[in-house]
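Next come the structures, one after another.
What follows is chain A paired twice: with chain B in the first complex and chain C in the second.
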Partner chain A sequence: MKQRPFLGWFVSPAALVALGLTAAMAAILQYSVRAYVPGSLNVGGLTLDNFTALLRPLYAWAFWGTILLCLLTAVFTLILAYPVAYALVRVRSKALKSFILIASVTPLFLGEVVRTYSWMIVLGNNGFINSVLKSLGIIDRPLQMMFTTSGVVAALVHVTMPIMVIMLAAGLSHIDRNYEKAAESLGAGPVRRFMTITLPLSMPGIVAGFSTAFAWTFSAFATPQLIGGGKVSTVSTLVYQLGFASFNFPFAASLSLAGLVMTFAVIALMKRAMRPVERLGEQ
Partner chain B sequence: MSYPMRRSPLAVAGILLVAAILGFVMLPAVVVTITAFNDKAILAFPPQSYSWRWFERAISYDDFRKGFWNGLIVTAWASTLALIVGTGFALALHRYTFSLKSTLEALLLSPLVIPHFTIGLGLLILSAQLTVGRGYPLVVLAHVILVLPFVLRSVFISLKNLDGRLELAASSLGASPRRVLFTITLPLLVPGLVSGWLFAAILSFNEFTATLFVSNQATQTLPVAMYNYVREYADPTLAALSVIYIVVTALLLTLANFFFGLGKILNVDAH
Partner chain C sequence: MLMRTDTGTAAPSLPEARPAVQLDGVTKQFGDATALHEAWLKIVPGEFMTLLGPSGCGKTTLLNLIAGFLDADAGEIFIDGTLVTETPAHKREIGIVFQNYALFPHMTVANNVAYGLKTRGVEAGEIKRRVDEALALVKLTGFGDRKPRQLSGGQQQRVALARALVIRPKVLLLDEPFSALDKNLRAAMQIELKEIQQRLGVTTIFVTHDQAEALSMSDRIAVMSAGRIHQIAGPQDIYRRPQDRFVASFIGDASVLTGKLLSANETMAQVALGPLTVEVLAAPLAGLTAGADVDLFVRPEHLIPVDGDAAGTGLPGTVRTQVFQGGHVDLYIDMPGYAAQPVLLRSSGAHAPSMPKTGDLIRIRPASTDLVAFPRQGD
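Showing the complex of A and B:
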């Protein structure tokens, strides 16, 4: 028998936290199959009504809209984050590297409220973009950017950028530079080297970043709530309304559960679709 | 090879592109800073006249003061607990195989992809079922669950970089497992522990969505107080508070970068 000193001490606190999380998830599962008693915080008997209600057009559309919002955000974030991550890993100057790192990572630690608020000032009718465009004489009436899906996407891209940069950079930094040097010595130009070597080898980072961006966008609440202003409904804003405006916790629970299943399904799908490429990266 | 003196057009285009994207990343911070000094009580850009008055109001506003102290209490507890739990579990993950190891690991890392509102709602319902109130313990538990993956990652990376031969040498010289742990392993892990704790603290202090679900008027943290403020007022007070936030966070990160190397913590340094 191998000695494992302190195993119990190391694992038990973590097991307790895991237990708390599991209990919370079990509570959601349990509430999602209970009947809603209007005007009361207590729940009724067992029912599947909450799940049939999910199929009503309002909720089905909100669900579909949220998925689209997450995909759009993840795609734009990937496009914007890749060059930054590439520069972060490949730049030679140490000071420049630190600057890129701090500039791109600081927003991660600012929290959703501060960032969303900043975007409200950027996008608002008297905000930054509109006043710049107006003073340049390009527009005379303010462009409506608040309370629109594009406004929400712009802010969400900004929210998910840092984590995408971190994950892409982690992937890029693990690429063996010798492959590119070999390709260069064999006469491949920079574009070809990037398309046939660097990009395929950074696929694991892309998959990780994309799925995280998707999950984070799905989780975002302050951004769609404040910038969407009720015009853009997402699963998160609906769950909050159901819970705190109508106290329909059973339905809020079933909606969260459906969202959770959907998030896991999308992540699993993405990992599966990328498996052949990942294997390529490991070789 | 390209040298700084003569870059290819492709490299120049790349530099401009990265600069433009970093501009997009920093734009909101710049705009919010300028707005914070607007003398008028409206969120208009650019300001006509400037003053410090919103900073004074941000610091003296009652809900922000209370939110700040609540946030400090929650953050201190949550990040410290997460550090203890995370260090223990990272050590177990690194050293041993045990039953349910991968299940437990997957569970504890799952908050990275579980929406925060789901975790908040789950804990809220759980507290109702157990008929415990929405006090500090509930908020702290939510935060521990949410920041633990980041602590685990930070400690696990430093464990991987730790030279195992030092521990072997100590135990071959007769040190008990406890002595090895406390005089060799943990002291060598200090940079990882400090950075893990710092990350946990920053994330916990800023956590919003889950906290909105599990806190009440008495336990609301600063981000929740800020959210409530945006919904009621449209003056630049919050811009001033955001500036304080941005400055403090950037300072903390610069310090972390200076002392520990942010690239190493985030695992983005080239090997």
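Showing the complex of A and C:
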């Protein structure tokens, strides 16, 4: 340890935080196997009832709906973020580069709640979109966007964009421009170059960004709660209702754990499913 | 077959033949800086043309302009008689080998080589045949299923070469392809590349900052500096008859001796070097009158030690350093009054024991061949 005399000092705070997190996870695990005592914050004896309750259709649908919501969000975020990340990496002008970076990363510092409220202003029945469409005479009655899945996805995409742009840009910036030049000299036009070189080589960034967006959305709470308004049930809003409306901590704990396991499982599946895409260039 | 039928032999055709590549006053600006200033160049079919110069001289810019990766600000580019100034790179039918090879890392060797054939819509059987043939040409038969990262540097370079040649390019562009290889491998690859180039007769433009590489491989060399082409000539002429000071000092070693112009006719001029008189080419001294100060550029192997110390037979100097180089011995000689910098004399190592030692007085004279002089600069 002579080479790194401060290693211990630096590691100890991190170890403390890790210890805290592990303890919290252990507490949740412990709660999830305890019986719920209605009307009391204390829990009963050991039981597996909380997990069997998860199999009820209501909760199965909530899981399915959440996964769908996450996939939709991740897909739209990817589609919107890729061109932004591409521009961020490839634009020559330094001023434009800084502008794209600031514009795409700033939302990260606004916080989820602030961003969600601004989307409520945009999506509401008397909100920005509806007033513009009404004054243009395109619609008579407001379009329902609040309390819908589409509204939640729109807001979640915005919330997820910065992290996706950063991860895609990191992946894209590692691609040697000479690969594209070589492809170009070998007769590949812009579309072919993108499909056979740039896209396959940016797959690591895409996989990382997509997985992060998925996990990020799975744990999102404020956006589905406020914009979904109880009409769009996700795992995190259910956990909130169970824990803080019904005070059923054991069931909320088992739901949280199931959500965590589900996230890992879906991400693992996705990585597997994306392997053929990574081999695009081989065709 | 990879063999090109339209050029046939490896020997460069006569200059009257339609140029494989022609640049007419091509200029490129980057902001306020002129990266390339009115380049005029004609490359004959089958020729091995080298663009040689220090980094930042514009040689890579010129290559990128021919490849179509950059747009010229002025002038025209022709490839095989066709105007291509506005043609995008992917329609120019050129092969390129990059300094870092740029093999597609997510594809096998065979798919790398096949890439340019697939873009051209060649049918599968033909692709396989031509890929095998190209891999055989670079002695990599059986390596088709490997990934580039599983190959050594030399093997990667061969794949890059096969990938560029398999499309039967109108021009092969090589961007410092040897700089990433170690010394021994580099020499072997140089010979191999030259052989393949001659066998196929493919017009080749080679970019390098390594003058030894340029001299040994090229049919002709274009020496560049600060965005300008200084001289275009065969390796022998570049070495023996440099057109200006830059070429004389950049190519090979040269010492500068100070002299005075005595007289000149159409072709040759006489220069006084202390008690000696030497003959130099007249062209670089055009416009000077007798008595003008000139700088004489002398190759180290063209300096001869003079026996005895009779004045008038040689210029006096003191040996500053003696460096044994294996095959030869380098003497650095202080010659106050004749040269501002120590003068380099190179002698065959066979006479090493009888060589003057550091501190010895010595008399030397330039051999009578291949001397060039240029007007004294500024100061």
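What we mean here is this: the second predicted complex is superposed on the first by the 264 of 283 C-alpha atoms of A that agree within 3 Å, B and C clash if a C-alpha of one lies under 4 Å from a C-alpha of the other, contacts with A are read in each partner's own complex, and residues count from 1 in each chain.
The definition used in the following text is that a residue touches a chain if its C-beta (ideal position, glycine included) is under 8 Å from a C-beta of that chain, and two chains touch if they have at least 3 such contacts.
Because the structure is predicted, anything quoted here is derived from the model rather than measured.
S.K.: Mind checking the superposed model to see whether chain B and chain C fit together on chain A or clash?
M.R.: Fit - chain B and chain C, as placed by superposing on chain A, sit side by side.
S.K.: In the overlay, answer first, second, both or neither for which of chain B and chain C A:20 touches.
M.R.: So A:20 only meets chain B here.
S.K.: Using the touch definition from the top, say if A:9 reaches chain B (first), chain C (second), both or neither.
M.R.: The first partner, chain B, only.
S.K.: Rounded to the nearest 10 degrees, how wide is the angle at the Cα centre of chain A between the Cα centres of chain B and chain C?
M.R.: That angle rounds to 80 degrees.
S.K.: Quick check for you: in the superposed arrangement, does A:233 touch first (chain B), second (chain C), both or neither?
M.R.: Neither partner.
S.K.: If you stack the two complexes on chain A, which partner ends up touching A:73: first (chain B), second (chain C), both, or neither?
M.R.: Neither partner.
S.K.: May I ask you to decide whether A:267 touches chain B, chain C, both, or neither, giving the answer as first, second, both or neither?
M.R.: first
S.K.: After superposing on the shared chain, does chain C or chain B touch more chain A residues?
M.R.: B
S.K.: Once the shared chain is lined up, is A:106 touching chain B (first), chain C (second), both, or neither of them?
M.R.: first
S.K.: Using only C-alpha atoms, work out how near chain B sits to chain C after the chain A superposition, in angstrom.
M.R.: In this superposition, no C-alpha atom of chain B lies closer than 5 Å to one of chain C.
S.K.: Hey, which residues of chain A end up touching chain C in the complex?
M.R.: 176, 178-179, 181-189, 192-193, 196-197, 200-201, 278-279, 281-282
S.K.: Mind pulling up the chain A residues that touch chain B in the complex?
M.R.: Contacts found on chain A: 3-7, 9-11, 13-18, 20-25, 27-28, 30-31, 41, 80, 83-89, 97-98, 100-107, 109-115, 117-122, 124, 126-128, 131, 158, 161, 166, 169-170, 173-174, 190-191, 211-212, 215, 218-222, 226, 235-236, 239-240, 243, 249, 252-253, 256-257, 259-260, 263-264, 267.
S.K.: Sort out for me which residues of chain C touch chain A in the complex.
M.R.: 67-69, 88-96, 98, 100, 102-108, 111, 115-116, 119-120, 163-164, 167, 173
S.K.: Quick check on the complex: what are the chain B residues that touch chain A?
M.R.: So the residues of chain B touching chain A come out as 8, 10, 14-15, 17-18, 21-22, 24-29, 31-32, 35, 42-46, 84-86, 88-89, 91-92, 95-96, 98, 104, 107-108, 110-119, 121-126, 128-129, 141, 144-145, 148, 177-178, 181, 202-203, 205-209, 212-213, 223, 226-227, 230-231, 238-239, 242, 245-246, 249-250, 252-254, 257, 262-263, 266-271.
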